[in-house]
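The letters A, B, C, D, E and F name the chains in turn, as written, and every chain counts its residues from 1.
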Amino acid sequence: MRTTAHTPKQEGTSSAKMLRAMLGIGILSAFLIVSAFELTLPRVEKLKAEALEKAVFNVLPGTESTRSFGINSQGKIIEIAKGDTPEYTLYAGYDKDEKLVGYAVEASGQGYADLIRILYGYNPKEQVLIGFQVLESKETPGLGDKIEKEERFLENFKALDVRVTSEGLLRNKVITVKQGEKQNAWEIDGITGATISSRAIGNIIGSSTTEVVPVLRRHSLKMDGAKPLEKQAESNE
Amino acid sequence: MNTESLGTIFLNAALVNNFVLAYFLGICPFLGVSGAVKTASKMGMAVMFVMVISSMCAFGIHTFLAAINAPYLQLISYIVVIASTVQLVEMFIKKMSPSLFRSLGIFLPLITTNCAILGVALFQTNKGYGFIESVVYALGAGAGFTLALLLIAGLREQLNFADVPQISKGTALTLFIAGILSLCFMGFAGLGAQ
Amino acid sequence: MSRETTSSVPKATTTDEFIKGLWRENPVFVQVLGMCPVLAVSNTAENALAMGLATAFVLLMSNILVSLLRDFIPKQVRIASYILIIATFVTVTDYAIQAISVELYKSLGAFISLIVVNCLILSRAEAFASKNTVWKSTLDALGMGAGFTFALFCLGAVREILGNGSIFEWALFPEGFQNWIVMILPAGGFFTLAGWLLIINVIQTRKVKS
Amino acid sequence: MSVLGAIAVLGGLTFLLAIILIIANKKLYVYEDPRIDTVEDMLPHANCGACGYPGCRPFAEALVLQKSLPGKCSVSSDDGRKAIAEFLGVALGAEEKQVARLACAGGTNVAINRARYNGIQSCQAAALISGGGKGCFWGCLGHGDCEVVCDFDAITMDEHGLPVVDVDKCTACGDCVEACPKDLFSLQPISHRLWVACKNLEHGNAILEDCQVACTACGKCAMDAPGELIAMKHNLPVVNYAENHNTQIPIQRCPTGAIVWLDDNGVAIKGKESAPIIRKGSRSMGSS
Amino acid sequence: MALFNFHKNTFKNGIHPPESKDETRGLPIRQFPFPPVIILPMAQHIGTPSEIVVREGQEVLRGALLAKAVGYLSVPMHAPVSGIIRKIGNVPTISGKMSPGIYLETFPFSTQEVLEGKPIDPDNASAEEILQGIQDAGIVGLGGAAFPTHVKLKVPEGKKCETLIINGIECEPYLTTDHRVMLEQESDIFMGIKYLLKATGAEKAIIGIEANKQDAADHLGRHIPENLPVSIKVLPVKYPQGAEKMLVTSLLQKEVPSQGFPIEVGVVVVNIATTAEIGRLLPHGRGIQERVITIAGPGVKKKGNYRIPVGTPLRFVLEHVGVDEDIKEVYMGGPMMGVAVSNLDISIVKGTSGILVFTGKDVGASDKIYPCIKCGACLDACPILLNPSKLGVLAKFEAYDEMARDFHLMDCFECGSCTYVCPSHIPLVQYFRLAKRVVRKRQAEKKEEVNV
Amino acid sequence: MFKKTLDISSSPHIYKGRSTDDIMKNVVWALLPVVGFSVYSFGWNALLVIATATLACVMTEHVLCKLSKKETTVQDYSALITGLLLGLTLPPIFPLWMAFVGGVIGIALGKYVFGGLGYNVFNPALVGRAVLQAAFPVAITTWHPAFLADRFTTVSGSVFTWPFMQPQFDAISGATPLSAFKFDGITTSTAELAFGQISGSAGETCAVLIALGGLYLIARNMMSWRIPVAVLVSAFLLSGLLYLINSQVYPSPFFMLFSGGLMLGAVFMATDMVSSPITPMGLWVYGGIIGILTIVIRIWSGLPEGVMYSILLANAISPHIDTVIRNRVYGTQRKVKAI
């Protein structure tokens, strides 16, 4: 590939022609891109929503419909408008009676190879985590990716204790322990051979729950049903 | 939400997820310019420089596009900005130092089509890095690219004087070395995870 | 990247334009172009095929458009224009794939966007489409695209078979097969491509001898 | 709405890019004669240096600047040279095709080795050790440095350890001339058929101990040759090619066949009276 | 690799080959018979070959001038025997090239008296006169290099010679000529030193001797004349201590600059045999006719140190001392730097310090050559601190220019230490010699181009 | 008398009389005690694994030489050493077919493609091991306790796994001192480490025997003493410094020195002459890089052990070390050469 500058100036290629060509192509490109975007938008959004719902249903068994929320930097639950980037993203799941099943919370942290993004389901009534799913990870196949597949590991998240104290703080921080040494309900039984990855999960859930669970717990009682958030009265536990 | 420290970002981009050896970005110049240490270091520096500049530009563009709500223009604006940056750098070098231009030869325009540079811009956006983080990320990626290039160049220079079997001469050998180096870099996995 | 030979080859027939990309001038195995996606997205046969097709699509469209506009674009801005054209089609492809399957989009990741910097596409635009008719450019793009897809598939198949014991996620081996995880790691990509090049080298040296 | 926005943004961007390119094109433009690229493409890319320039590109530059002529490239085909000359509108500057000729005929079947050489299998290396062990001090050592150095596969070693030049493949690049430690190769116009295949400076028959086909400086060729065609210098016949050298007379009475007539393929024809070679088959050139 | 090498009284690296000197070190120098024919090549020294001034058929007396020096870098040649010039023509030399030369037939019954010339008075002659005298005597470095001595002694302008070093190291295995010369010709040596001090203007002289010749050191020490500023230094045994640069470092702890001469650190080094020859010849104004040579090696029957006329054919020498049936290789010089002989018709020259005959079972049957495994033994051996390993690999791939540019190839003086220790049996020295030749050729070509 | 043709050859005409295969042979001798201890502590399992790896290496070398129509280079012992070293770095109950694959890859990929002995830029045994580590991460990190009572009566089932099949490991498995430390914070006493009372790779457990083998080679001048010293000293210094800073978090330097493959790597792997630099100063730097990288990987990365990666990385750096660090040639000024 030779660069443009090699060629000597030819007659007729004035700056205007260059400008015209570039602008022409730019406008053409804009048309093409926008039409592609507009055409695919509905389907892309639908697919995305479906995928999300699938994940939420997975971590919150029994969910029929979802709504997404965020927690802002002041620790308030807000509804997400387009383009917002809240501190934590979460989805409330409701069963067929429109009753709250729980919250699906997104969290992420450094894993063995790269960032791990997960979704976990929180049941505010029982004060336990009831589901867990890895959204994105680059952990070593066959080793680190056991956190996604190994049944015994996923078993941990059927009822992981995240009770809140009366002061509104998490009673016990979630932690990963060595495989086979789980003693308390708030401990995650780790995976030998994927120690780093399973610990990373513990860390991610641990730090996320410490922040998120107290907030959710505070609000959960008031958020029954599909009532809009704003109309709920503030009250203490 | 993102709790990575700047050091972790740098190490991650340079070693753990080395752009060449783990993400396969910038393979073309990697194969082409890694024959001699001298050119490799020059190329590495050039790429690093362009990376940082385009990373800054990309951050600006991303902010702007988010403001006007036109994410679909992201890719095309990134590449346009990178292309013009490279073009400028190239012309500048050609004017200032023809010998440097000749030694980098046809690979300067190739920086335009160097996926590593576009990769930095795209990944920093995907990861939601801020300005400082983006620059550090680009620096790390550039350093990692240069490191990989230098390592391979050193080995290839040494292998110029080896009885390499006819069948593994050329690109195949470079790829084999790259593969082994990629295995080596796996040793850094998890660096900064704790 | 490589000094182009096509333009100096006198009067190739139409089939030739198509066939050459498949083997004689195979973009991956012979010209060693567009390596990044070849290595990055070839960890399974399916990804490889999807990536190959996406690239081929962009290649085809941009070749056609470049060929159409070849008299309109002044030389000084031709690279910039080509990149604009390519970027446009890549963005289009990007949304198309998003609309087809979220899963696929996730596994191909940023490499869809990175098609834009695939040297293969730019080099075809520069070396062929800018000098030839639309029909020829179409054939060239089809041939090169097919060659690229074929090469990607060759890599993806090997890596998936060894690394995952399956092909198109269909298990090939009985239960208990030990996956060679290295094959789906980055290093495996390098090794597989190097291995293919080695095999091609052996074939070619044999040919020269006989 | 979004279409308009996109057009505005992208239009702006491309406008910016175009402006940058236009300015760069004007301000930073470096003129380089495009003909250099074209000529370089037309050259054979052998980078052999036969033209006197370090490689094809410098030669191309010289050609464009008219510092040299296309005929200097001995590797190109005739058509190639003509094409370049036409393209640049200059004279061809062609010279007659030259080939490398070897001034030794002492293969292992006729010449003896005094000592067995052990070491790096290369004439240049062997020549450094007591001259390489060949009986004749001037003769070809036969380790084939010229074969290795020839980029055009024009030289092959025959069964008697002597290099044979393929006249068609030889481009007269001069690499073998450089490589031979005994200076046995020289470039000769292909029309020069009369050839002295010996460099032995000794007078008399003593040399025949070492090599049966050596020149004994008997001077018969010089006597027979018409006019001033051949003169004896330092005990060797020297052909004056400026004379009419298209004659086979001088070779006829050579007792050893040291002066020969080369046919179209470079095969040596010996005179009628040259002694037949007694030692048949090849002798050991030393361990290898 | 020396763990505790403090570089005291010695240089860095180096090797310890078996000395093999026991068989001849005790044998006194004996006169060798005159051969029936002397074959005298004119290219015996570095520089321009001498120009023959006699004609065929001419009768000459021993010591008469046969050829004169051509220019400064050249020396004259004297008749080694009384006899008649039979033929002037090409004679074979050890380099494998023919050189102009003289065939001199010895008078069988001559007394072989040596012709005397103009004597040089050691006390009153000026430095220039002495230098001229040395050139006229045809003296070249007798250690093996055969570099015209008067050129070496000439102190360039602006430089000053502080120390004169007399090289009595003789580090080459087998050779014992210098050893014997030191034991038997002490007065010649001191006379020579007297001339040399005057010629160079040096204030003091040091005789360097290796510890394996302690008897010679003691002997010389006992005979140092009064008022002669000479000291004797005994150095630990190590090869190649006899090389000029190494010796300067060992004695003075100074390094001679790369590609430079010892004079740049104020030193002139002269071989002890050369010194003795100067001291022997100059008082009589004679030219050099013979030299002391060790004939040794497993294949020789009558080993010993002989005084042999220059020009004696090798074949005659070997016939006279008797050699083993299984003779395989013959070297002129020591086993480390000596040159293998392809042809017994060549003759003894001024630079020949030894003749070694090896038989089939002694020559290490050239072992299989392995690729370089970078063991680094050569680095630990190279006295110049080069990287022979890298140089060897580069040479194999003919990257000669790179060798000279980046790896100081031209500093190699071919001592052979690297090849001696190489476990892969790579012929490094031969590669380097070849490379140096090519590099010199290319440099000369470049110069030519510039001049044109 | 002089009928015979003389031979001519280049000077020097005498040689020290040590050949490359002598050196290689001695490395094998030095390795044998380590192999012996490995068999003693892990039983037939270890013997089978080491033998298979060795066989694979030697066979591959031979076959590749034949295929490329060259004289076989098996008798130079280098393939044997590669095989032994590879075997010694594998867990003792490693499936044999995987060990075989490792040997083939080590020789083919680590040595043959670069041109064979003398040109391999990486240590072939470690290339084989690195590929195995990446390919079969589970099998290669499943350890086995030493000195089991039945080690000479039974062979672990996983060893005889069918080719290409996943091994089924026995219930008893041990953790190496390093992984025990990394993941559970348990340290092992230095005495246990030094005398191999621990689980780990077949050959890395007995630091004392390894050191003795190294001393033998150093005494015979067949190995550079600088590399192991540099590796061990730099590792000791860095880990010692960390220990001084916070002895709660960081383990003692002695633990670092004697655990894992550091000793084996420092003595037998890093000292591979071909893939290490050549100048004395370069060797110090090279060893230092290995030692420091090892500690860095052990402490800060996700892996418990990093010797293999450190050595391979240092191999890759060694051409640069050779370019930058050169001997000051006699009679020249020391100058720093920029790349």
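Everything below uses one rule, namely that a residue touches a chain if its C-beta (ideal position, glycine included) is under 8 Å from a C-beta of that chain, and two chains touch if they have at least 3 such contacts.
In this text the structure is predicted, and so the values were computed from the model without any measurement.
Chemist: Spelling it out: a chain qualifies if it touches subunit A and also touches subunit D; which chains qualify?
Modeler: B, C, F
Chemist: Name whichever of D-F and B-D has more C-beta pairs touching across its two chains.
Modeler: Pair with more contacting C-beta pairs, B-D versus D-F: B-D.
Chemist: Tell me which chain's centre, taken as the mean of its C-alpha atoms, is farthest from subunit A.
Modeler: With centres defined by C-alpha atoms, farthest from subunit A sits E.
Chemist: Would you kindly tell me how far, in whole Å, the mean C-alpha position of subunit F lies from that of subunit A?
Modeler: Chain centres of subunit A and subunit F, defined by C-alpha means, are spaced 44 Å apart.
Chemist: Approximately how many whole Å separate the CA-defined centres of subunit B and subunit E?
Modeler: Distance between chain centres: 60 Å.
Chemist: Centroid of subunit D to centroid of subunit E, CA atoms only: how many Å?
Modeler: Result: the chain centres lie 40 Å from each other.
Chemist: So, what's the distance in Å between the C-alpha centres of subunit E and subunit C?
Modeler: Using C-alpha averages as centres, the distance is 69 Å.
Chemist: Give me the residues of subunit E that touch two or more other chains.
Modeler: Counting only residues that touch two or more other chains, subunit E contributes 339-343, 366, 371, 427, 430, 433.
Chemist: Could you list the positions in subunit F whose residues touch two or more of the other chains?
Modeler: If we look for residues of subunit F contacting two or more partner chains, we find 6-10, 109, 113, 115-116, 118-119, 131, 134, 137, 302.
Chemist: In subunit B, which residues are in touch with two or more of the other chains?
Modeler: Subunit B, residues with two or more chain partners: 72-73, 76, 80, 83-84, 87, 91, 94, 106, 109-110, 163, 168, 172-173, 176, 180, 183, 186, 189-190, 192-193.
Chemist: Take each protein chain as a node, join two nodes whenever their chains touch, and name the resulting shape: line, ring, star, complete or other.
Modeler: It is other, because the touches fit no line, ring, star or complete pattern.
Chemist: Touching pairs of chains, all of them, please.
Modeler: So the chains that touch one another pair up as A-B, A-C, A-D, A-F, B-C, B-D, B-E, B-F, C-D, C-F, D-E, D-F, E-F.
Chemist: Which of the residues in subunit B come into contact with subunit E in the complex?
Modeler: So the residues of subunit B in touch with subunit E come to 160-161, 163.
Chemist: Touching subunit C in the complex: which residues of subunit A?
Modeler: 1, 3-5, 7, 10, 13, 17-18, 21-22, 24-26, 28-29, 32-33, 36-37, 39-41, 43-44, 47-48, 50-51, 136, 140-143
Chemist: In their shared complex, at which residues does subunit D touch subunit F?
Modeler: Subunit D residues touching subunit F: 113-120, 125, 128-130, 132-133.
Chemist: Any idea which subunit C residues touch subunit A in the complex?
Modeler: So the residues of subunit C touching subunit A come out as 1, 69, 72-81, 84-85, 87-89, 91-92, 95-96, 98-99, 101-103, 106, 122-123, 126-127, 163, 179, 181, 184-185.
Chemist: Quick check: in the complex, which residue numbers of subunit C touch subunit B?
Modeler: 1, 32-37, 39-40, 79-80, 83-84, 87-88, 90-91, 94-95, 110, 113-114, 116-119, 122, 182, 185-191, 193-194, 197-198, 201-202, 205
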